[in-house]
């Protein structure tokens, strides 16, 4: 009781909580869940974009896309490391992802049938992610906040890159423009869903706000995203697929149409078009890599003087 | 001794030898080896052409190619059955193919990098095969002779189909014509090698001739093939890649350049471009199919009244 | 893009393309087995079924081209559309995976298409379609029998084969709903008496599957949400790779005769 | 088709395309791992190496285009040639198979290319090539170290990893001869002082491989006949499928800006 109060006071003073600091179990659990989901999202998020690396339409785009997906892997690494400071191992988190127990962002359960999806993901999905993540750079938990600073910097580069792909398409041939519009049509609503349920439906939010893990409500962030994105779409000459979208002078924000929460829930439950394929791809990579990881361990045991693989790969 | 003479007399009278007839062990062995190699060639021969089924340039060609490759599988089936009449099981022959112990025609160890290869294989490879096989329709061993009659009919259809592909290319765009010429350049010499070593080098030939398993020498058949093919190439407007090729009035046949027997031997030994890939593909199919075959057996055991799979598939 | 259907003619064209694309894509998938089947007899059987489906697709594309009257050929339809314009159902594009998946996919499809063609023969007002259907009806009877027998063999075979069949059911059953979904275009073709209403075929499909599953000792899974998207041209991620192969020559050498 | 080399300029162009194609195709192969690597650290490492190689290819194609002076861009070279015009060696197009194959392929290639670029920096008369080489030299040092360490880990790891490494050696060693073969075009580029003679790099390659193999407890196989064909544009059958993907967008949407 006393401890909780003191902890809250630290948080209120905007002091960073560090790994060895005492913290309430709920705070730790919330962070572990949130950082884990975030890390898993980076890893699963490699798949829909990875789908286009071998078919990217130019060398420049191929290299940029491969580098982007690599960055996502890197984000996964920092985030797993941040979660490890809370006493949960990467193996454990990986297990939870692979078994389907842990969640990842539902946005990655939609397929990427066209090249324009790569643009749309950069523009909208990374755009929405940044909206969510910028406040996390000031998260009360130090390691998470610091990881997010690096992540956000890269994400905003990705977002600009995605927007530039959309721009190229929108200024391209009729067919390219159509492709861009089609991608916007398919990604718009799922992007709005990335902010989670409406505030009226959202659980866990208040406590997270108190602890300064979260700083804005789902609806606030969604609104910010819409406000930022609508003029970008206009600039591209593309139409946002929401007939109810209009500027509201009174609220100084956009009113938008009803989000299809039934779809949102179905995808969260595992019934989106790609859920099973995503988990299967991750499980396959993991299972087929087992002998490699075992070999590395066995070899390291034989040569105790070898430096850890992680360190070397980071060089 | 007496028996051998009587057997030879039967052969000389052009009587067909049937499965339950007594026959010299050498005769049986020669046939088993030859029919087995022939069957294996059909099976392995599915791979280079199969390489283009998913990329065939029109629906008509896709269907024709799939049907052709299916025919080859069918030929494999008849031939394995013919060999089974000599007391060697399909499993045993398959084992020998997969382990690399049994040979198959070296021609299938060349890759098919372009669509024109499908034309060239039909025209030249099937053409050479027919040259070899027509005399086999009169082979002294009845089941083999009968299998070859059916095989030859289908092969000659394939050969015309291949020639028609070449014709379409030769009459097509500059690039298509170039593609056809390139394929001829690559397949000409390997096709000549299909008839085996020069008569001066060939082993086993005399005895096979005596027993009327074989009816013409390698060089005779090769010469027939060249004589038939040169005018076909001329009609296509393509150039046979042999500067020494010229009509010889005296012999009433084409003189041709020296065959690169070193290459021939290297490919036979397993060092052709595709040898290992071919065997690997066959082994992979076999190994990955093991559980299916086991399941079929297990199920058949459970329901002894079921009809055999082979019969059903043939329906 | 899978554009809105503007007219009755467009609707019929689109409805025919749905069935044609099913045949093309499933035929293509079956053809991928060529040279890699678990036994020689199945090389022949898989090729047979692939040939049937590709042949059906060809006839349907030709018919679509004639109806459209703009000179589009079977190859224009098969090779020169965008991924978003292919309107096959998701079931047929699923990867071959293993023999269990392939045969179950075939069973699900044939158990629908055989009665579908059978009803088309009986009821379609389009003579060409009736002709295509009469041939396809017989062909799909063979597919149904052959795949059904294999599903039974594998379901009631070894422990491994039973596990693989169960896995296939788990993966694929949720794609069967789309067989019965009626796109706006299809609705018009049904209303015009060209094609049978899938709903009228559901009982037969249910019974076929139940019968085979019983013999195969397989359980019918509970599916919360049937997958859809194919009829709107929203395909899974394997589709683009399939098309990269399928279209390669036509794309790389445009406008040539083969 | 891999046409005869007509002039000294053609020869240099062709020789540069050989190295550029090596980079493109191996970079493409490495990029296929993306999302499927055995551990996260290797996702990053494989992507790194792929990026290096694709970057080298890009610089080399741009240089080739400038030398040729006909306005061909890097993308024209990378995406719009026929399979028979790609002149990469066979080693780099071999499929990824498993991590053992991938890392051994990388070792074989890097053990040649690192000294190759190092010598190019020292001796090439072409300033642009020297610039490309200086960067590539450093990059390939990393590839060499990384792949070498993995070959050792897997060779001297578990029983399974050792078997897989031995299998990879068995499969891939026969493609290493082509690294040292000198095409007529290459010969002219060497004679002109643009590129080093591979023969001069053989001892170093042999020693690198021998050292790694010793540590990895791998045996050097006896190869009767080294494989060749890539430099003449006669590729293995995987190559066409790779190109169907690589070229898809450029072929399907010709002449557009991306």
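A, B, C and D label the chains in the order they appear, each numbered from 1.
Assume contacts are C-beta pairs under 8 Å (C-beta built on N, C-alpha and C of every residue); 3 or more make two chains touch, one makes a residue touch a chain.
Per UniProt, the chains are C, D = Ring-1,2-phenylacetyl-CoA epoxidase subunit PaaC.
Worth saying up front: this structure is predicted, and the values here are computed from it rather than measured.
Computed from the mean C-alpha positions, the centre of subunit A lies at a distance of 57 Å from the centre of subunit B. Centre-to-centre spacing of subunit C and subunit D amounts to 42 Å, using the average Cα coordinate of each chain. Work out the mean CA point of subunit A and of subunit D, and you get 35 Å between them. Multi-chain contact residues of subunit B (touching two or more other chains) are listed as 55. The set of subunit D residues touching two or more other chains comprises 82, 240, 244-245, 248. Chain contact topology: the protein chains form a pattern that is neither a line, a ring, a star nor a complete graph.
Under the touch rule stated earlier, the contacting chain pairs are A-C, A-D, B-C, B-D, C-D. Residues 28, 31-32, 34-45, 47-48, 50-51, 54-55, 57-58, 61, 74-75, 78-79, 98-99, 142, 146, 149, 152-154, 156-158, 160-161, 164, 245-246, 248-250, 253, 256-258 of subunit D are the ones touching subunit A in the complex. Of all residues in subunit A, those touching subunit D in their complex are 43, 46-47, 50, 53-63, 66-67, 69-70, 73-74, 76-77, 80, 115, 165, 168, 172-173, 175-176, 281, 284-286, 288-296, 298-300, 302, 309-310, 312-315. Residues 48, 51, 55, 111-114, 178, 182, 186, 266, 269, 271, 273-274, 276-277 of subunit B are the ones that touch subunit D when the two sit in their complex. Remark: subunit D residues 82, 240-241, 244-245, 247-248, 251-252, 254 touch subunit C in the complex.
By the touch criterion given at the top, residues 1, 82-84, 90, 171, 174, 224-225, 227, 229, 233-237, 239-240, 244 of subunit D touch subunit B in their complex.
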